[in-house]
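Have a look at the structure below, then the notes.
We just call them A, B and C in the order they show up, numbering each chain from 1.
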């Protein structure tokens, strides 16, 4: 199977400070890749640079479109970048308040991306919004409620519905469960696992939680100080870590 | 004391005319302009007055309406202002006017190619309530990325069962720019479409001008299964009996007795005069 | 007629370097050679600490070998897992190499029947067929039907182990690695597992496993592979 996304020697500097440095990886269709590391390790910078939300200092990101054509993501015009973000990609932020439109109803939040794609049938939009609320375990009766009245876990599930409703091929997720209680976290992780399988999504997820990586990702990248220190199969990295930093990370996990 | 003709100095008028030409050349596009301080507060038509001042010539006949009426404070003041600073003829008759400045209505009487309608606009950006960032709304316009506007219409239907937006109803001009028609009732939206008269819009506080040139396609946004509809009344005008004009509901005494009358005073008056003749 | 060679280990070594324990080095496997053929069942024998589990994990590419090669016949071609890319390893695990450990890694909120059905789904089968096959498997391993729709987090050790075996054996794989999958099973269920393994071998699978229970070992082993602990270096 050929890759969906190719990242080559990607660097992003903030002045003289390194955000991420010389990162390369491939992502295949249907694959979930985790980027792990502690705060400040450059994992979010890497994610945002790959997702074309930050311009790289050097290196390249190529993406294979639905029509099979390879795009150089950094060379895209703003119009094409937005089209890609609308039609083929999705982005789930850590804080759902950043990814949701809080002053409109849950249903409008889910339907917005569909309307951006040109869907103009109200009943159809409603039907799809309802079924997606159900899919992320939100009572469809709450379709007309504003997300401000939702709990943090519900808001995050709403953001996931809003992002996945257009069936993107590639989703970027930045610590989607970090701000939530452990029990709420488990529910969202299970949901993500299920949806990623059902929809055959490819995803890149940033997390500082190794257990999340083990549960969701077949492959993992470990970052420290903006650089990749170890990469490979998730179970290999967690069970047989080679790099001193990875060993420290793995041995620091609390087990109950 | 003497004023320059039509109050504004000639350089300012030139700046305004250049901006207006650009606005006409790009239908629906909001052109920035150097809005001047005018002798009335923002919100009272400073944008419309500057556009009118830039267009007026000595031979023009000016009509000013506010909510369709020629005899309300705003309309009377602006008409008197131009009579004094430009010495132009004024009228309350739509058919006699060459230039009509309006707040929140389009006259019922069909306009002609030799007439210009100038709208007073409080908020030129139709996406503003949904997207507060100016840089972002400009980008959305540049990319014609207008899915967001339907979010508002969706919300209307979700909350009220129908598209409840009844004034400042968003339109797409010439198949390109999403545009605010200013706070006219949506009843007037169809009059924007293929209008023989030039329509100019001025927002003084926001420093933006835009235009709908004559005979331009103007489409009111809607959903396939919730098409655009204008207001309808069960009543007829109690003064002239009109059944197809935009009606105001007026309370006439302390017991709350109501009466429906045409909001366009000239239209109503002409009909009554004809009926008596 | 000789059975096809399925797995070949050459000069395999594995040591662990513990960077945070003053760079301590643990040598577990050294210079190991092993050949495994279709239809065989090789049982690793040796005292605990001899590196039996480590060997299975190195073969499964859960651990990275320090030296040597792990040749696997995959899709009719030979592939050295020590040098394979992660995507190749994943494909080998999906289609060629099965691994059943002592412990079930529980996924929160996922019912037992779906955990068992997952490998069938990955072969592209319909959800109905996958669930049906999973039900048959659970039935055969005597997991009470009332448990099937529950997540196995709260099951007993033996029940969890049987769910794990069901998941590990539901899709026929050319090579099976078994790390004491029957440790906490009663005699009845051990017999079922022995039966399942015999069927797998008859269908051509090569089995490499660790079984401490001597009955079980005698019943299924075609050959023993003795292992010894290395001196700490």
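Keep in mind that, in the parts below, contacts are C-beta pairs under 8 Å (C-beta built on N, C-alpha and C of every residue); 3 or more make two chains touch, one makes a residue touch a chain.
What you see is a predicted model; the values in this text were computed from it and never measured.
A linear topology is adopted by the chain contact network, the touching chains following one after another without closure.
Nearest to the global CA centroid, when each chain is reduced to the mean of its CA atoms, is chain A.
Centroid to centroid, with C-alpha atoms defining each point, subunit A and subunit C lie 32 Å apart. Centre-to-centre separation between subunit A and subunit B, using Cα means, comes to 46 Å.
Subunit B and subunit C have centres, each the mean of its CA atoms, that are 77 Å apart. Shown for subunit A are the residues in touch with two or more other chains, of which there are none.
Subunit A contributes residues 1, 28, 186-187, 189-190, 193, 197, 215, 218-219, 232-233, 235-236, 239-240, 242-244, 247-248, 251 to its touches with subunit C in the complex. Interface residues of subunit C, counted against subunit A in their complex, comprise 16-20, 57, 61-64, 86-87, 89-90, 107-110, 121. For subunit A in complex with subunit B, the touching residues are 78-79, 82, 101, 104-105, 107-108, 111-113, 115-118, 120-126, 143-144. Residue ranges on subunit B touching subunit A, taken from their complex, read 130, 139, 142-143, 145, 147-148, 150-152, 154-155, 157-159, 222-226.
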